[in-house]
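Naming follows writing order (A, B and C), and every chain is counted from residue 1.
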Amino acid sequence: MSDIQLKHILQAALFAAGEPLTLERMVALFGEEAPPDRATLLAALAEVEQDCQGGPLELQRIENAYRLQTRREFAPWLNRLFAERPARYSRAVLETLAIIAYRQPVTRGEIEAIRGVAVSSEIIRALTQREWIRQVGAKEVPGRPALYGTTRAFLEHFNLKSLEELPPLAEVHAEANAGLSDSELPEEAEGTEGPPAAAGPDTP
Amino acid sequence: MSDIQLKHILQAALFAAGEPLTLERMVALFGEEAPPDRATLLAALAEVEQDCQGGPLELQRIENAYRLQTRREFAPWLNRLFAERPARYSRAVLETLAIIAYRQPVTRGEIEAIRGVAVSSEIIRALTQREWIRQVGAKEVPGRPALYGTTRAFLEHFNLKSLEELPPLAEVHAEANAGLSDSELPEEAEGTEGPPAAAGPDTP
Amino acid sequence: MSTVLVRGEEFTQLPPDLYIPPDALEVILESFSGPLDLLLYLIRRDNLDILDIPIAEVTRQYMVYVELMKAVKLELAADYLVMAAALAEIKSRMLLPRPAQADEEEADPRAELVRRLLLYERYRTAVEQLDARPRIGRELHLVAVPVDGRRTERPPPQVRMDDLLEALRSVLTRAAAFAHHTILREPLSVRERMTQILDRVRVDGYTEFSALFDPGEGRRGLVVTFLAILELSREALVSFVQNDAFAPIHIKANTHE
């Protein structure tokens, strides 16, 4: 490795990767030749993070991987760089995504129960194609409806270290729940009582 | 712009652009609000270049555009980052390779005669591109089919000094072919009898 | 308040008391993501307590919207109509005199609606928070600089000698089943030597016959080389050239290119 430092190799890899790098991939950079151990790697990553101070980049962790990204203060200038405007998503799409993110694994019927409106196949397809959600299984109830969950790409896109970083669901009107105890709410949303009739996509 | 420096904006743009940026595009980052003049921009670019000193990046000028790229010294590590996953060879490829190893120089027709099925061009191409086989000549029969043999890279991959270190065919044969008596085999391996007629033209 | 799009233009707020002309229906349909959303809007607009909804008034307003929706996009109005029916039912139950000994909470026909509204509102808030997060391509941009000296490394396929032998075994078994000739019975050493010689004469052009023999290999080596040359000749891969009697014999690869 001569005088090329570990830190610089990691920086180079993070600059070039264009996607989050796991510690495993960082170790693999070194091939057979004396790969650094985890502690050394983490120390070097801390140095990389420190080097970002005062500059336009930041080191962001997504689950067990790291990436370099521009700080949000630079968005006004950078957005002029790209002719394409960032995609906008409809409320229906975002509501569906948020419910999947918070309640996963969740069926379409359960999403509909919360939203009070049919969830169109286009919404599910759009989110699936965007690779923000995926089918994670099937619920063991009649019809075996698909259960959906969010993906790693979802975390990456919304700059989340993990699902735990999602802001906690606000307790709206927590002081009075019209006779419903707090503990009851999550349970209902589990869909244990089945979607109300109003939410069915096939009701006239 | 407050305390965000021109230099940092340029760095952010160069990091995010993914392609070389002309001075015009750099100016366009600033929209209407007091775009920097050419001299200021060039001075800021010089600063960007200076900031690269001692780090893994360099500012590269391509015609009238600029980009940040990793220094050449880092290529050995970075190329591991982008290494393709090792391919898995199909049964057909393995059989073809084995026949070429043991029967070289051999034509495709001869391989097909042994395997009893056609050998696709893709198989030959995959093994040739892998540099495990190569064309060593052409057989003097109508059509002058190519003769294939294994390469040094093949020996290296399998850690063989020479082809003679390949496990003797007798062992393979004995297990596989009940139709041949064992006593016949060592004799063959000695090579005292000339090549049998079967080695002739490759009529499938 | 939710954002509204009118022909691509963004309004951060709905007009305080929007009366909807039919051609603005697209706006409603896009800005409300469902009947609960519309209901919440009506309640919030008039600054009503969600726990104490004046059902009659809300239902009246709600129906105005739904009637307009029905006129344009019936299939989208379906979910809204179901809600309208639910509202109407609540209204009618509230008009009925309450049984004297009924549990107060259970008796309020609005309870289920309130529960759903509150649950929905939690997620609506979550949507706003999610939407406000910095996103790739909007507030954040990924870094991907080119690598000078980049080339694609293609690691060798994971093939072990065992795999190769296994493949060979199966091919031999198969060959034995259909072939009558004893292919693959040739001495490997001769075959290998054939490749080596062919290689050499192709590179060197005319090669002296004697130069192909390495006395260091001993008698067996010499025999193998000789057999290899004979076999190459038999397969017409090489030819011999001798200019005069007793002159050195040369070998050259046959090429017809």
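The definition used in the following text is that a residue touches a chain if its C-beta (ideal position, glycine included) is under 8 Å from a C-beta of that chain, and two chains touch if they have at least 3 such contacts.
What you see is a predicted model; the values in this text were computed from it and never measured.
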Mutual neighbours - chains that touch subunit A and subunit C alike = B
Note = Of all chain pairs, the one with the most contacts is B-C
Request  = Among all other chains, pick the one whose mean CA position is farthest from the mean CA position of subunit B.
outcome  = A
Task = Please compute the C-alpha centroid of subunit A, do the same for subunit C, then give the distance between them in whole Å.
result = 16
Request  = Starting from the mean Cα coordinates of subunit A and subunit B, work out the distance between those two points in Å.
outcome  = 35
Ask   = In whole angstrom, how far does the Cα centroid of subunit B sit from the Cα centroid of subunit C?
value = 24
Note = Where subunit C touches two or more other chains at once, the residues are 141-147
Key: Of all residues in subunit A, the ones touching two or more other chains   = 12, 15-18, 57, 68, 70-71, 74, 78
Note = In the complex, subunit B touches subunit A at residues 4, 8-9, 11-13, 15-18, 21, 25, 28-31, 55-57, 68, 70-71, 73-74, 77-78, 80-81
Query = If you look only at subunit B, which of its residues touch subunit C in the complex?
reply = 12, 14-16, 18, 57-58, 60, 67-72, 74-75, 78-80, 82-89, 91, 94-95, 97-99, 101-105, 110, 113-116, 130, 136-141, 144, 147, 149-150, 157-158, 162-164, 166-169, 172-173, 175-180, 188-192, 194-199
Task = Quick one: which bits of subunit C touch subunit A in the complex? Just the residue numbers, please.
result = 2, 30-37, 50-51, 78-79, 81-83, 86, 105-106, 108, 110-112, 114-116, 118-127, 129-131, 133-147
Of subunit C, residues touching subunit B in the complex = 141-159, 161, 163-176, 178-179, 181-192, 194-195, 198-199, 202, 223-224, 227, 230-231, 234-237, 253-256
